[in-house]
Amino acid sequence: MTTVDSRTGSTWLDLVLRFRALGLIVALVALVGVTTALNPRFLSGQSVRDLLFAAAVTLLLACGMTVVVLTRGIDLSVGSVLGLSAYVTGSALSATGMPTVFALPLGLAVGAACGTLNGAIIHFGRVPPLVATLGTLYVLRGVVYFAAGGSRINASDLPPGFLDFGSGDVLGVPYLFAVSVLVLAAVGVFLGRYRAGRDLYALGSNPEAARLAGVPAGRRLMTAYVLSGALAGLGGVLYAARFGTVDASAGYGMELDVVAAVVVGGVAIFGGSGTTLGAGLGALLLTVIDNALPVLRIDQFWQQAIVGALILAAIALDRLVSVRAARALRRKGSHV
Amino acid sequence: MSALARDPDPPPPVVSLTGVAKSFGAVRALRDAKLDLHAGEAHALVGENGAGKSTLIKVLAGVHRPDAGTVELDGRPVAFADTAAAIDAGIAVIYQEPALFGDLTVAENLFIGRQPKGRFGLIDRAVMNREAAALFARLGVHVDPDRPAKGLSIADQQLVEIAKALSRRARVLVMDEPTAALSGVEVERLFGVVRSLREDGAAVLFISHRFDEVEALCQRVTVMRDGAHVSTDLLADVTVEELVRRMVGRELGAMFPKQVVEPGPVVLEVEGLTREGLCRDVSFTVRAGEIVALAGLVGAGRSEVVQAVFGIEARDAGQVRVGGRGLPSGNPRAAMRAGVALVPEDRRGQGLLLDLSIMRNATITRRNRLSRFGFLVGGAERRAARDWSARLNVKYGRLQDPAGTLSGGNQQKVVLAKWLATDPKVLVVDEPTRGIDVGTKAEVHRLLSALAADGVAVLMVSSELLEVLGMADRVLVMREGRIAGELGRAEATEEAVMRLATGQEAAA
Amino acid sequence: ACGGTTQGEDDGGGPAGGASADPNADFETGLTYAMLPKSVNNPYFEASSAGAEAAVNALGGEFEYTGPSDASASSQVSYIDTLSQQATDVLLLSANDPNALCSSLEQARAGGTVVVTFDSDVDPACRDLFVSQVDSAEVGLALLEMAAEQIDATGEIAILSATANATNQNAWIDVMEAELESNTSYADMELVDVVYGDDEDEKSFSETQGLLQAHPDLKAIISPTTVGIAAAARYLSGSEYKGQVALTGLGTPNQMREFVQDGTVTEFALWDPTALGELAAYTGAAAASGIITGAEGEVFTAGDLGEYTVGADGVVTLGPPTRFNADNIDDFDF
Amino acid sequence: MSDDARLGEARPSERESTGKPPARALPAGPAGDAGLRLREAARALATWDFGVVAVTVGFLVVASMTVEHFGTARNAGYIILDLAPILLLALTMTLIVTTGEIDLSVASTVGLTSAAMGVMWNGGMALETIMPVAVLLGAALGAVNGLFVTGFGLPSLAVTIGTLALYRGLAYVLLGDTAVADWPRLFTGWTLGRIGDSAIPNVLVPMAVLAVICGVLLHATPVGRSIYAAGANPIAASYAGIAVGRLKFWLYVASGAMAGLVGVLWTLRYSSARADNAAGLELTVIAVVLLGGVSIFGGKGALPGVLAAVVLLVSVQNALRLAHVSTEALTVVTGSLLIVAVLAPNALGALRTALRRRRTTATGRTA
């Protein structure tokens, strides 16, 4: 049988297994290095702040997306949820002039509500996640259109405190980014070190087995989608705070970027494996690419093509690492 | 009945199921099932494939809700909403098919949902791995608790399942053919543990098609047929023949109807076959009309060998020739064209398209031959499928039902059917009778020897010694990826095989 | 087989000549008008539709404002087909593509619909009239002039445009480039980059970031699109470049007000989209009532907007853009 | 083979075991055969395809009675023109999704081939050569997807999100902000033209042909069987001698070629080659494939359902426009349609099992 010494020759292997993000970090460092070499201003305070600002929202959404993707699900509605929450909070702030502190909970609530809708359709309606959330992507966007119509919330309508929250920072780290990172860490710990979190991995890894093992699938799925929705809602608030302008198209088409970030981050699209850390790095990598290309004076028309190429490169690299790992595992598991 | 007659005042059963009925679409898996489990007893549940054994225990485990009938725990009627409820009630089940979380570590597979907690309710992995290691030690097996379950052999998977169930320290332990993929040594260790559990007062339900095991472990035995209760007796009161008659409702022919045939020319030649870390320098030949068995302990690498022969996995070194012509490495299509067929060991993972219909499964290997002018129209597939399920007595509802809805044994029959249908020159079977009931087992054996008689070269991997000894003309014994020795039909005895398999020969 | 169809062998149908105009005819009542913007849910077109609706009510007609939610030519085609089936009398269209809509427009016109494009034109052969907010030259020159005034005509400038294929933006950019070449008074100004914010707030925002990082010595940004200029202004006002880099272009007073007040922006321009819609409606009505046919020189009265003359290629021009600065911005609300 | 007979005899009660439902062999209770047949019939009818087709037909009937201009031949023509690109892309998408993969790059491939056509046209090539070249280009782009997915074993969703950006980007590299529009009327006319003086658009012909080819391929050939097998269980499929990798690779090539063809049609229909042609169409295509009942996990689904779904989606949007319903509502309806179409059958299924449970309990008691 598999006579195995869990330690021997498995140090780097364990590292790779535990820390699939390695490849990403390398890519990230390389990219930043090259860009800075070509244009030192890329690491100037201002542009780093801009970068972190830009990353904050994607980071949040990627975090939520990870949770659902782990369960073999997917949430294509995040873009629309973000739009809805951004508009609702925005108009609530401008209309009622309610204190800024209530913005976050409000956005979270809106998002969580949408998440609950997704979860209910998927769990109780037995609708495949991709279908359900593709549906709510349309429906919720439609709702935003209804609500916003042609109107637009301008920065001037929003309380200054809120905008300050959007543009302010502590020690050079924007509040928004700080919020995202805190959330990311919290969710990371939840997934990695709490029973409920591990259940999500189990569900994604083998749903039937999870059922036999008595994992409360319904409750867990609900948790996942509500979480994803809530984070998208929070993202909406950050979006409003950052851009100050919200119209009906806020967050339009964002879902694919987020999925890309998650996948680049090494989260298995068919569930069961991946970490928020990876997803976060994926989001960061894509944002850096987006911001580096203009700085490198790369022709506008080439930028999208290069983003695509780099996405392919990133997942290919990640694949390389994991294949290595698997082979080593085999050797580790064998006995001859 | 007789069991209770013997016992002046029997303790109330821990579990008792009465009048249980359960249907899946047109299929009535259970009609009128009945079962009593007492504390401190090991109770055998036997029956044909599709008799309803697994379904019955799934009802007990809260997987299925019964259409009718009652489930009582300590005399109190219960209705388990889901498996969690049953688990909380102290019922642990080893299901027929291993169901592990490939992405989680072995240890987490054992403790999912009840991982040991440390500060702030965080999971304490160190403790978890230690407890897992302890469990495996108790079973006398070594599996790295910290490796992902992905890539474990079917046998190791079953061992993990066993450890999982044992770790729950349940008052009711249900085992659905836990030994199907295990060989003698593991089985003995398992029984040791189970006995001690029983002595601690646990009630054990044991489902198996191997009567030697049933007799070795159990006191009472319940027979099921067509989803209904037939009888419950003390094992001491009934003979195996009697049990078999009740199961299949008729007399059984010889278990190992071996036909002696004059072996023809060499058909399959394997030379210096090597797969990194799995098997090394394996050489042997199989002649037309011969049945050659690959014996050995679980994990000896037999499956790896046959997979390399069929070309599922590329070989790192060595030659495979069929009828003198060499086969390219890692190309099953070429092997099939050369007339090789492989019945794989893991029917769900490697054998079946569970979501597709029984018909598709039975005919997928012949999709080209059944087509007319490249089109698959008319009932060709249907006829072929019906014909072959009839030959192997597959028990099913409708040919359009998903293969996943078949009982374990019937699934195995479908896999056999789809490969026999290709009428191969070289038939390679890996654990061909895993989870198949005695009646069908005899038929499969008859079929194998009949095929051999027709000049087919048969290579058989089996963990069941009786089968190996009963069927094989020659026995190749593998140990740790190498061929430890070869035994002719005459010299092949249990002792001889086990000695080679375990490597005690040197000592002797 | 045959020699093959290559360029130049074929040219689209000529302009739709036809009935002679009767300058003294009255505006018909009871006509149905449909306004089809590049995309709905866009404040700019909301304003135009308000103007058009007012005009239509004055003319005693029926008004419908409909269109796709994405600014793509293919979805506009579906809407045109629908409208032509409903035999709408007047179609007021702002096109997402100069050519893609033609065949549908031809069918519509064959069915008797008068097609008037506004804000963004199509191939003149495919429509009756085009109501231009201003003529391309004027806008291009005005933009360049404002930029020059703010950086006294020296230093690097860049353009933040809408989508890469936006018809009118590209026309203005061409004018500006030509002018920079020819006009000596702009000799010390250099156009270093043209980037596209796709009329998306977020993209325009980050493109502005990119510009400033890529061109440390940038003196001015010209953004000839309402979405772009607002996003750029918001970025500048929150960054270290505020006051250092001049920003001008086309924007709506309501969006730009705070940035003019906080000194991020000195002066920008725009025509009144409401008036544009109003004029488009009157032009359509005039054409449908046979007052004009689209031939050069024809004259008609557009309500209290006054009298207008049809120019070459059936173009009616609203007038020079209005410039907005700290002094006058509070007089406008759109 | 000589032993078959013996095998047959081995089991006296063979009738019972040759696949008649056990329920027949056992006393079936009062519900009896009739009830059983009814339920079987019900199940046969309640397949997904049937559901979608029924809904579609139902909708068309109701709409043509209630919505002005909807029932006209002219409008039918518009509907067919509008659904052509979606339907064509959905054909190959169905095959790919059935193998458990996905191709999100189709719309970008359309854009890139369209842009390439523009460049070639400006380069003075003859349209007769440009068109086949464009299709081949599409095939090549598909091959790249196939290589990444099967060759390097990368998740197709990830790969095709990458190529979605890459191909669209390359389209912009080729044409930038320009549009090529001077296409010969001979061809643009054909794409919009009608067969003879009927109201049937010319494009219906290639559409029908390709639909039939894909349908037969999927449902009545060994390849089709392999496609389902590969989707249901790749490992078991390769054990059955199916070259799963090669199969998927060629499906991606086919999908690319189809996108190339759509690129040609699109360019000529709108007589405008532009980098942003068909942007965002991929989600619509996925939507109809799923709406058509194809399982995103592979192994399940059928083409008729998908075809019906395409018709349903496009004609619903058309009807709403004709009925002066606002764009907002249109978006909402599209989404709800997707969800409800999947929810409804599930709800029905749940209901049926509930009914059956009650029945069998009854028989269980009497037995």
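As written, the chain order gives the labels A, B, C and D, with residue 1 at the start of each chain.
By our rule, a residue touches a chain if its C-beta (ideal position, glycine included) is under 8 Å from a C-beta of that chain, and two chains touch if they have at least 3 such contacts.
Note that this is a predicted model, so its numbers are computed, not measured.
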Treat touching chains as neighbours: how many steps, at the fewest, connect chain B to chain C?
2
If you tally the C-beta contacts, which comes out ahead, B-D or C-D?
B-D
Comparing centres built from CA atoms, which chain ends up most distant from chain B?
C
Once you find the CA centre of chain C and the CA centre of chain D, what distance in Å lies between them?
40
Cα centroid separation, chain A vs chain C, in Å, comes to 38
Where the centres are mean C-alpha positions, what is the separation of chain A from chain D, in Å?
30
On chain B, where are the residues touching two or more other chains?
none
Residues of chain D whose C-beta touches two or more other chains
172, 176, 280, 327-328, 330-331
Going by the contact rule already set, what residues in chain A reach two or more other chains?
141, 145, 268, 300-301
For this entry, which pairs of chains touch?
A-B, A-C, A-D, B-D, C-D
Inside the complex, what are the residues of chain B that reach chain A?
61, 63, 82-84, 86-87, 93, 95, 99-104, 108, 112-115, 117, 121-123, 141-148, 150-153, 155-156, 159, 186, 276-280, 297-299, 301, 480-482
Which of the residues in chain C come into contact with chain A in the complex?
40-43, 45-46, 69, 164, 193-196, 200-202, 205-207, 209-211, 213-214, 216, 230-231, 234, 238-240, 254-255, 257-258
Give every residue of chain A touching chain D within the complex, in rising order.
121, 125-128, 130-132, 134-143, 145-146, 253, 256, 259-260, 263-264, 268-270, 300-309, 311-312, 315-316, 319, 323
Hey, which residues of chain D end up touching chain B in the complex?
1-4, 6-8, 10-14, 17-19, 21-23, 25-26, 36, 39-40, 43, 216, 220-222, 224-226, 228-229, 232-233, 235-243, 299-300, 356-357, 360-361, 364-365, 367
Within their complex, chain C touches chain D through residues 1-12, 40-41, 64, 66-70, 72-74, 77-79, 81-82, 85-86, 97-100, 102-103, 123, 163-166, 170, 196
